[in-house]
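Input: structures, listed below.
Okay, so chain A shows up in both of these, paired with chain B first and chain C after.
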Partner chain A sequence: MIETGRINKSQVSFIMLPTIIATAILSIPSIDAKFAGHDMWMTPIIGSLNGFLTVFIVWKLHKLYPNQTPIQYFEKIIGKYAGKLMGLIFVLFYIQVSGIIIREYTDFLKTEVMPQTPGIVLAISLLFTAALAVRGGLEVIARTAVICTTLYMSTLSVLLLLIKDIDLSYLLPFMENGFIPVLKGAFVHQSWFSEFFLLAFLLPFLKNQNGSLKAGIKTVFLVMVDLIIVNFFILTILGMTAANKFYPVYSIIKSISFLGFFQNFEIAVTASWVLGSFVKITVFLYAASIALAQLFRLNNYQIIVYPLSLVILHFSYWDIPRFATLTNFIYKVLPFYLVTFQTIIPLLLLIIALLRKRWGENFS
Partner chain B sequence: MKRTLLVILLPVFILSGCWDSIEIQNLAIITAAAIDSEENHKVKVSVQIFIPRTITSGESGEDPSLGSTFVREGIGKNLAEAISVLQTNIPRKLFWGQCKIFIFGQDLAKTGIRKELDFLIRHPAPRINSNLYVSEGKASNLLKLIPPLERYSGEVLSKFSQHQEVGVDTTLSDISKDLTEASQSFSLPYIKRLKSDEYARKSYETIPTIVGTAIFKKDKMIGNIDLEETRGLLWLSRKIQKSTVSIKPEENENEVIMMPTSGSVRFKPQIINNQWIMNIQIQVAASIIQNETFLSLLQEDVITKLEKGLENKLRDRISKTLEKIQKEYQADVVGFGRRFHQKYPEQWKKVKDHWDEKFPEVDVKLSVNATIKRSGDIGGPAALPEEEVIEN
Partner chain C sequence: MTFIKKQIHRKVKVKKRLSQAIPLSNKLKNNIDYFSSLYKDSSDVIFRSFTIGNTEAVIIYIEGLSDLQKLDELVLENLMNQNSEMADVFESLKNNIPISKLKKVHTYKACIDSISIGNPIILIDGQIDAYVLGIEKYETRQIEEPSAETGIRGPREGFTESININTALIRRIIKDPALKMKSVNIGKYTKTRVIIAYIEGLVDNTLIKEIENRLKRIKVDGILEGGYIEQFIEDNPYSPFPQVLYSERPDVISANLLEGRAAILIDGSPLALIAPVSFFSLFQSQEDYYERFLIGTLIRILRYVFLGVAIYFPSIYVAVTTFHQEMIPMDLMLSIASSREGIPFPAIVEAFIMELAFEALREAGLRLPRQIGSAVSIAGALVIGQAAVQAGIVSAPMLIVVSITGISSFLVPRYSIGLAIRLLRFPNIFIAGFLGLIGVMLSFIILIIHLSKLRSFGLPYLSPIVTLQKNATRDTLFRYPLWKFNLRPHLTGQFNPKRQKDNLKPSKREKQ
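So, the complex of A and B:
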């Protein structure tokens, strides 16, 4: 066994929450406002359907191949060579996506908080800390996640101070242009929810396998509620100007002014978002490291964490020369890209696995 | 090997973020900013900078009339350039995080403020809940005033807007919403220097006050309304105006003066046979604050008559404002467009592009319902013999 640490179900929830939300609240709301307009508050509900589906696929695969990570069972499902190839593609996928996450995070900090600081410094400091946590093993990741996620989620409660500023009339007109715009917004959301596929790298290391599906479903639900709250506040405070802002959530937090002296929360919130991004990047880095180590049958994955981090750092700059490229990528490519790898391919593999089980192993 | 790596990488963590660290003594904290147009299409930005020394000095003998701020200016082809010119005249780094007051000069407002708005919304430092104003004459002159009561003139303005609710309270975020969405119009408080003729004070030791409202269509100021009409506008933006209303009861040459205390405003858009109607229902509670007449205010029918009078007066006041913005300025600063859009999305799509033509045609049905709840500490008129009180 490459990973000796064992975690429990609530730790899995703590790990997965920021894994979806951390970049979802940075990148999605403005795209959502562009597509769904006044109906943007309900897009996470429809988007989350894919989260439930992905969790179910992962759980089903996990039941068929207990104590194995995707890299191991790919070989069992589609044969040795095809399985290896698929594993390699997944490793590359996670490396690239991690690079993009790092870039989203550094771009946010650079535009809003630290314009003078070179982005690479922000990226290295985050990646290095994440690499240390990943080298510590899954238990370390889980324990840091419990602390970081608690802090991360608690700062989002400052949104409640905005209740006096909301204008509910922005929820109208309801479904002005029919249901299609809502679906378009939901499509972006569902791709983020597909990141629940990362559960596949965590489930084999659960202490107690019972109820893992329920824990996953609960997490998807929590993420959905959280994104609805965020979208609701953005819509009722910024109205349609949200579409024109890169970081609408940051913008509304900046506008908090409660009783004249509860002000300037944005720095505290940004600090907690760094923690959220840290958990997210840790999980991605962990998945990529475990996957790569198992692909080449290494005895431990710790030795490849640093080199892998360096590669991810390159991917956060490679081919992203300017913010417009990143925004276009997030808004035109990423929704299709994420869902293909994390929901559609696993779904196909699950179907193949189920068929194999039914007809026996004899035809391979 | 591990240790070397740690030694190499450790500074990265200690240093991260230090590029942006600025000590407070290297910051010039801006409390308010004024933007004016200059000759040859240039823009002048003036900022009021806080002098931290003055609040701590206390007994050190500094002249309080010098104020706790100073004003510096920069001129450039555009706002961004003007600010970078301004920075060259200030030894500390300009800090916009506390600046919540932006004043536009009237000349600039009339030629359009979109270019300046873009800078303010795009730049990460100014807050979207900053208040904006339009000044009569040059905006920079108002920053140079030294208020006798507050620490600086920016503070005076924010107190007027937020605590006193004298004029409209329009923020950067509101404007950005209004110009993105249906109405394409907005209003800003119109401010002017208050004339003070106190003997002991110099002429600049006074404050800017709100004297009305500037009406903007798209990004250009097209006119302004006075304080009386502004009150009508404020009623429509759901701000209950704590300003007096005087009613002259029938067969009486003196007046009863009352003050609204609470109320609510409801908008009900309606489209009947292609006729766009806006029903506005206003509920108001008032109390009597002065009685010049000999009427006893304990009589219910006197009060009901006064209530009728109050209703008529408020209706007149509000329709006068509506008349002006609908017919004269044709600028939807009261957000009718948004309300029609919310209720009738289909019909809205047809008029969306020529809403400014449709807006004056909207038929406004205004109904006011007033109740006089209280009459202060006394019932009948004060300082009057019992016999002279009219008790009917």
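So, the complex of A and C:
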């Protein structure tokens, strides 16, 4: 077994929560506002449907091939060579997506918090930290995630200080242009929810396999609630101007002023957002490392973590010349890209696996 | 070449002979020759020869380790007055010498062991046995109030340097025979007695085995303090965090034994080690349990808050004043800026100077004789205090930051983790000066990663919080009422989880 550590179900929730939210609350609301307008608060609800679907696919595949990661069962489902090829594509996919996450992180920090610090320093420091955690193994990732997620989620409570500023009239008109704009907004959301496919790399290492589906569903639900709250606050405070901002969450937190003394929370919240990004990049790096190690049948994945981090660092700059390119990519390409790899392909594979099982039974 | 080889060979042989259990000779002269060559140039080893009836005998003991009055009155007087021949020597000694601890040994090694702990041996001509008199007595410190762990409420007794007194202090608290004390001798020259104490039935036996194995691994010249043992048995030697707790209070040790942990007592040290421990047990003080639970909880939360302050306050100050000035409200910003005006150093240098000065002062006060110590604190107060500010070397806010940090590091009840906190402050200031709050956050994450990797005898260091056990916060972040502690702590007390009867809440009367 390549991973000796074992984690429990609640820890999985703690790992997956920031994995979706960390970048979701940053990049999506602005796109959401563009598409869905006054109805943006409900887009996560529809988007989360894909989350439930992905969790179900992962769980079903996990039931069919217990104690195996996707890289291992791909070979069983579509044959040795095709499976290997698919595994390789997934490894490259996760490396590239990790690069994009790192780039989102550095661009955000560079524009808002540390304008004079070179982006590469920020990228290297986060990747190094994540690599340390991944080298520690899944148990270390899980334990670190518990503390980081708790602190990260608790800082979201500063949004409560904004309650006096909300303007419910922004919620109207309801469904101004029908249901289509909501679906468009939800489409961006659902691609983020498809990242729940990462569960496939965690479920084989659960201490107790019972109830993993329930834990996954619960996590999707929590993510959905969090995104609704964030979207709701953005909509009711900024209104339609949210569409013109790169980081609407940052804008609303900037506007907090409490007792005339507690103001300019945005740096503190950004600092805590680093915790969330750390968990996110750790999970992606872990998935990429363990997938690559299993693809080449290495007997430990720890040795490839640092080289892999370096590759990811390259991917965070490769073909992303400037910030606008990244935004464009997130806006136009990423929704299709993420969902193809993390929901549609697994769904097809699941169908093949189920058919194989049925035919196999019939033949035997 | 061959000569050297021979020499080495001979040395090995001699060593072997000493360590092996070779039996005593039945000729008194041979035995005396052996011992006098062994204790040559040892002026404190006394050979007292006398006769029992017509048989020659000798008593060997070390001055200052044995009770001479007993030796004279109970042993020598009785034996020298004896005229008749002894048929069975041991039996007649037993009947003639009124000493409770009396045994016979057959080997040189056993004789040496007895002599060196203060039990005189009697060698009698014609006998192949030596007789050991259990009359060791040496000066010990009185039982005093534990000076490193004082408290308002709770027993005032502390351990001393003598291991027998320490085990007795524990026995006086835990009277059940399930309390076990396993003894090991460690150290080639010091032969220090080390005792593993635990309560059978509460402790996981594999833990005791593991501790024994780790103790047996230690092959050193000497053990002078529990710290020697600690550094040889801990799981992660490169960590700044203590993975074994120490205490000089019998009540603390007993409480830990009752939670299914094991204690390691070391002869010559008033501090007993406790294993395994978690990060959170370093923040528990005995008074948390002796006082009301609300106060205990409050104080515990205060400790965690000030732990954060002690590690991160200087670095956050450096980060904020260097990178994120907009975070500070305007009025405060103005007052900080005006006091920093004219200070030649950047905040990071200023912080380093002041923290180093503070640490130097603290260390100087600790090691010096008391008379000079006060002089140091006066000089230090002047240097770190007002003078530095008036001279324009450091700013007043920095002074406040350093003092608050200093005070908060004293809030931690265990000194050993205080040391780790002091150490961690410096890399944090450094990274805050380069990456601002983001750097502080990343260093916090690295700290958490490190703590997550640590284990103390297999127990995850951050358990039970990060492993998300049920009721994890009961005795860690908070201190629940005693009548809610129905179960022993997870992992250490798992072996026998039930601790007390249910429904012990005072208002709940049991139904008749």
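Methods note: the second predicted complex is superposed on the first by the 360 of 364 C-alpha atoms of A that agree within 3 Å, B and C clash if a C-alpha of one lies under 4 Å from a C-alpha of the other, contacts with A are read in each partner's own complex, and residues count from 1 in each chain.
In this text, a residue touches a chain if its C-beta (ideal position, glycine included) is under 8 Å from a C-beta of that chain, and two chains touch if they have at least 3 such contacts.
Just so it is clear, the structure is predicted and the values come from calculations on it, not from any experiment.
After overlaying the two complexes on the shared chain, residue contacts for A:Glu176 are found with chain B alone; chain C is out of touch. By the document's definition of touching, both partners, chain B and chain C, reach A:Val113.
After overlaying the two complexes on the shared chain, residue contacts for A:Gln11 are found with chain C alone; chain B is out of touch.
Look at A:Asn244: by the touch rule set out above, it reaches chain B but stays clear of chain C.
When the two complexes are overlaid on their common chain A, residue A:Val121 makes contact with chain B and with chain C alike.
Using the contact criterion defined above for the overlaid structures, shared-chain residue A:Gly136 touches chain C, although it does not reach chain B. Touch criterion met: A:Ser272 reaches chain C, while chain B stays clear of it. In the superposed three-chain model, the partner touching more residues of chain A is C, compared with the other of chain B and chain C. In the superposed model, A:Met153 lies in contact with neither chain B nor chain C. In the superposed pair of complexes, A:Asn264 makes contact with chain B and with chain C alike. Shared interface residues of chain A, touching chain B in one complex and chain C in the other, are 113-114, 117, 121-122, 125, 264. Only residues 9, 12-13, 15-20, 97, 124, 127-129, 173, 176-177, 180-181, 338-339, 341-343, 345, 348 of chain B touch chain A when the two sit together in their complex.
Residue ranges on chain C touching chain A, taken from their complex, read 323-324, 326-329, 435-442, 445-446, 448-449, 452-453, 460, 462, 465-468. In the complex of the two chains, the chain A residues touching chain C come out as 8, 10-11, 14, 109, 113-114, 117, 121-122, 125-126, 129, 132-133, 136, 139-140, 142-144, 146-148, 260-261, 263-264, 267-268, 270-272, 274-275, 278. Considering their complex, residues 111-118, 121-122, 124-125, 128, 169, 172-173, 176, 237-241, 244, 251, 254-255, 257, 264 of chain A touch chain B.
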